[in-house]
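Lettered A, B, C and D in written order, each chain numbered from 1.
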Amino acid sequence: MAIIKVPAAETKYGFHDDYSEGAHPRVIEAMTRTNLIQQNSYGEDDYCNEARQAILSLIGLDPAGAGLGDERPSIPKIYFTPGGTGANLLAIASHLRPHEAIISAEPGHIVGKEGGAIEATGHKVISVPAEAGKLTPSAIHEGYETAVAFAFQPRPKMVFLSNATEIGTVYTRQELEAVARVCKDMGMMLLMDGARLGAALVSEKATAGGRDDQLSLEDIYRLTDVFWIGGTKNGVLLGEAIVIKDEVFGADFPWHMKQRGQLLAKSRVLGIHFSTLLQSQEEGEGDLLFWELARHANAAAKEMSNALVGMGFQLWAETDSNQVFVIFEKDLVEELEEQFNFFVWEKLENGGLVVRLLTSWATDLEQVRRFCRLVRAWKSKGEA
Amino acid sequence: MAIIKVPAAETKYGFHDDYSEGAHPRVIEAMTRTNLIQQNSYGEDDYCNEARQAILSLIGLDPAGAGLGDERPSIPKIYFTPGGTGANLLAIASHLRPHEAIISAEPGHIVGKEGGAIEATGHKVISVPAEAGKLTPSAIHEGYETAVAFAFQPRPKMVFLSNATEIGTVYTRQELEAVARVCKDMGMMLLMDGARLGAALVSEKATAGGRDDQLSLEDIYRLTDVFWIGGTKNGVLLGEAIVIKDEVFGADFPWHMKQRGQLLAKSRVLGIHFSTLLQSQEEGEGDLLFWELARHANAAAKEMSNALVGMGFQLWAETDSNQVFVIFEKDLVEELEEQFNFFVWEKLENGGLVVRLLTSWATDLEQVRRFCRLVRAWKSKGEA
Amino acid sequence: MAIIKVPAAETKYGFHDDYSEGAHPRVIEAMTRTNLIQQNSYGEDDYCNEARQAILSLIGLDPAGAGLGDERPSIPKIYFTPGGTGANLLAIASHLRPHEAIISAEPGHIVGKEGGAIEATGHKVISVPAEAGKLTPSAIHEGYETAVAFAFQPRPKMVFLSNATEIGTVYTRQELEAVARVCKDMGMMLLMDGARLGAALVSEKATAGGRDDQLSLEDIYRLTDVFWIGGTKNGVLLGEAIVIKDEVFGADFPWHMKQRGQLLAKSRVLGIHFSTLLQSQEEGEGDLLFWELARHANAAAKEMSNALVGMGFQLWAETDSNQVFVIFEKDLVEELEEQFNFFVWEKLENGGLVVRLLTSWATDLEQVRRFCRLVRAWKSKGEA
Amino acid sequence: MAIIKVPAAETKYGFHDDYSEGAHPRVIEAMTRTNLIQQNSYGEDDYCNEARQAILSLIGLDPAGAGLGDERPSIPKIYFTPGGTGANLLAIASHLRPHEAIISAEPGHIVGKEGGAIEATGHKVISVPAEAGKLTPSAIHEGYETAVAFAFQPRPKMVFLSNATEIGTVYTRQELEAVARVCKDMGMMLLMDGARLGAALVSEKATAGGRDDQLSLEDIYRLTDVFWIGGTKNGVLLGEAIVIKDEVFGADFPWHMKQRGQLLAKSRVLGIHFSTLLQSQEEGEGDLLFWELARHANAAAKEMSNALVGMGFQLWAETDSNQVFVIFEKDLVEELEEQFNFFVWEKLENGGLVVRLLTSWATDLEQVRRFCRLVRAWKSKGEA
């Protein structure tokens, strides 16, 4: 058997995605520490319950008594799935009837990034135009009207949005309030995909209006019917935490998880991941690891974004969180590809390439700077 | 946030299932060691490829060039899913057409233990009687004939079996050869659920006929169309490895994984788990960790089973692998439940209870002995 | 183009099924008479509404205002589908959530006669043993308990039965009351497949207890959550009428019909069929055509059944309605097959064949007698 | 029971759709004539076989031996379904694997007129822009490229088009050849929805290039993988005839029909409908009823369209077949609605309303003229 490769000095560094590394060392440490303690399976372990407590606190509810057996009314049910596609298909399939559909912005993850997972559960995804990657009340309204214009067509009953969006932009509290209002007015539920929720909530954009105006997990719980907090892209090996408001749908959820192959026997792993992520760095001191990691990712993206803009490059999308979308010329891209991994998102009419650069909790700032130096060198070479 | 509980001395010890602990320390160690090495996502990482090499070697094929991009004809494709229900629903949904059905023994996992996962993909599961938990050629034949007796009923196109079975029995090579023959004769594919394949293959039963006659992974690859090697129940945190013979179905498989929410972004975790599990204990020395762990589980079950039979208790099923099914009286069960966790499988007509006791790679033999002492004490008390 | 064949004298006569002919002449006549009158599509035509009125009257409700737009609370919604499999899959898919299952007797039509239609909508069908083709409260109870014995398995939420059953037996009012009671006690809905409901309700068996005790459409509406009245097997070209109690499921039903391809553009055909079937023979005089046709079918079966029993043949099932199941020897079957079409249902251990003989509204009693003469001749030949 | 209403003089006349009447009298006559002849069920009757013969002749193949049991290689299988949505969902679900998708023009019937029927079978419908309601090679190409740009997204494997399109336009032979070529080049199958195929093939547009260039059923069979001939909208009570090229998919088709509730017990009705529709008016004389009825529908639309254009109204779509799309002012629409039924398709920015006027085999030309007189009167009134 081949020996595990140690990364050679010349290995390319990756800004390809935010899941190239394993987990934050503290997550690994907690997992190791608790490894041999026997626990219940399928989400009824102590660690899942501790994570549930942490989430209840974060959304402003009493954590006491959290757990699968928690019978308190108006306390949401919380579950942990291995990944985001599973979280979305479960949230949708468990909340909709066969003839009901879901509205999503065109770049929505469920539209073109999840392998037809929603259609595979029998539901139509109605896509509408986005503004800066975000859903607008008018787009939702129009999508709904078009859908019901002909008799017996799939009835929109849920609205999907991602925060941060698929192009890294984030929702302000006002924007989310407006979306939630139109959903409520039209009798539709609201689902938030929080694969990058950490990055979204620590974004300067989300705090634009100042502290009082900052979008919080408490707001999100208040404004949505079901949402999930992404772990995979913010420091753990795997796992997303789903928060479900409806009592019946919430109670039935494990049946759906089992039916879709989304219920891990050793859910303890997801539990310990989230309970660690949602603890403060030093017992009781400092901010939650979850926020710290997201801040690091955003800061790395911002540094990169600012540097590139400073050199005169044009951004293809605002750098609100941990995704940088910049327009490069073909030969610059080729030169960069010799030393870095990243994703070419789109080819523009004028031949320019939209390059997507992702940063994460694990991003090495030195590599960000090396990347920028390389770009600067290429630019001055051209100007010479 | 609550502090992680350290197991107090009086905590009940569990024989409830074989996934109460985390992963074998060597698995944790490998994961920790490689944690910060950047890797490709979605199964294209180095560790998944190393695991693929290990599996190809085990089924008698040339490991060179293993990987998602492996274009060699007649080399199976190998993928890693988080859990067993996902592995089964994917194997079935990717191999059958909508009007095709799958035959399973009545106690088959897909019949009554996977939340209707197969039906949720649109396929009927035809259940037939089992003998000692195992499928027989005649049961398959009869199930097929009944299914096609009326026009346009779901056409059986695949046969499902678990090895070890859901009650811990295992197939001999002759038995599997016979089942494979009837499948071939009737134009049906054969799927083996290997959640406990390790325990099955190191079982004395599988080796009954002596070395030459031992059922091996090579045989299983030869006799089935698709099978999977269980990791979750044999030493890792999560993961099952699926081996697919058909070239077209094999190449399309990742699309199905994505569509069903079974494709982990950080598949590296599954890769490092399996590459460690399939390495020999000491680099190049001794047997594979996978076999060693299975042997420990079986040995613990055998010791417990022998002790109970020695005391005059009746087994409800043969102890071929790591599951002990024994018949206890109600008050013995109640006494045992004060100190141990286990599962009461069934209530018999005569009032006796069928108790299921599972052992695993992590089972503490001291606890097995303590359990037996408690039973013996109860028995002598009664005889006094 | 070949000329339509006129049945030659020597053509075999069929007792193969109860849908070998077209429609009763009065149905054809009504269709012809209204053929060129423009009507609304998709079930909003005058004839569907007239049929709805007729059905409401039959179940003891006020027919005034019947129609798709009928907003009266506690008035069931009524729809018309082309066939029975569509009626069943719609009734089930519109009433169950993805994780819910339906319990049926083993010989139930949805178990082995509808091509996996229910599984194709994602739901598991749990089959339980029948007594004389009928569901019993204890079988339902046991099926439920087994289904919920393991965590997160499909939760039984509906019970399916056919009246008349698939082997021609019928439910008495007491039997249906008992089944309905256990469903209610266990929180399950009850669905009745009425493909042969006419034959069931005019059966001597249903009226066994005398007039006051006769099972009526009013009882069926009271005791079930959703049921349908079969037209295809009782005098029309196609069509089944579904009666839905639940207000929400009833209102949503056309969306499901459209989604499953069960909503005919010219539903007027189904409307005129049922409005004619549910009219009295002579305007205002005599019984409904629906009952008359069913009585003819039952009488023909009874005459045949009595004759065969009189000759000493053994019935395989009671002749409660329009299906005769009798045990014949192989060579008698071969002789009969030269002049008649019928279905060989099963081969018995002792070599005897279970023959199914169906009669219908169109059965020619002369042919019934000719069939019996042939059997009698064969018998005396043997005795000679 | 209410008496069937005779249409009062003042009843509004309908141009709302092409299925407001029953069937052509010759269809009713044939059905009546054969009504009591016993036939096999589920599509194995003489009439379905005669219709199969007629269709084979029309696509240039030897009709001899047509029938369900027809084992000749390279002879397509032909089936009859009650309606168009069923025909489409069956054609798609029987030809695609779970991870495969279908491309359709945005106005395609499967996109927004079939209640999410395709998604309900698990498949994603990828919609692309249309030109005059028609698919173009470039739109197909772009739709394909976008779909496969991200890993593991639903793979386009089939292309859907309707001829005539949903807005009444039709494909020329050149256009269909071009679409078929791009499908072939990209490894996709081609499905043609022929709900209004009669109207499309007798359209002046289809014959634009003169006889040698006319698009024929023979061409359609040659250029598509599966297509269906619409009966419901061209003279029968119900029924569409599906022609399937692939031998395996063709042979399996009845299983899919049964599973989706699309297989009528009395398929004889569909058989006699199509065998009559595909016979010449007088035995052996004149053109097929199918073509004659379509010509009447188109002629009525053309007369209406020409008259409206003559008055200076603007068409919203070309009147290639039996659908007239014209732009009217709101108050004209209100005046017309007092005497006619029709569908308001869309509201334009400028306040104008797009009105859809459908003609059919049954359209009364006098009513067409009365409609035009009313429009003319309104116009002159305005000009006065």
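A few points about this structure:
By definition in this document, contacts are C-beta pairs under 8 Å (C-beta built on N, C-alpha and C of every residue); 3 or more make two chains touch, one makes a residue touch a chain.
Being a predicted model, the structure only gives us computed values, none of them experimental.
Relative to subunit B, the most remote chain by averaged C-alpha coordinates is D. Averaging C-alpha coordinates per chain places the centre of subunit B 52 Å away from that of subunit D.
With centres defined as mean CA coordinates, subunit D is found 45 Å away from subunit A.
With centres set at the average Cα position, the gap from subunit C to subunit D is 33 Å. Listed for subunit C are residues 98-99, 115-116, 120-122, 152-154, 255, 258-259, 263, each touching two or more other chains.
Taken pairwise by the contact criterion, the protein chains are fully connected, each one touching every other. Interface of subunit C with subunit B (complex): residues 98-99, 101, 112-113, 115-116, 119-125, 146-147, 150, 152-154. Looking at the complex, you find that subunit C touches subunit A at residues 42, 93-94, 97-99, 121-122, 151-155, 252, 254-259, 263.
Contacts from subunit B toward subunit A in the complex involve residues 1-2, 4-7, 11, 13-14, 17, 19-23, 25, 28, 30-41, 46-47, 50, 53-54, 81-90, 114-117, 120, 232-233, 237-238, 255, 258-266, 268-269, 272, 275, 278-280, 362.
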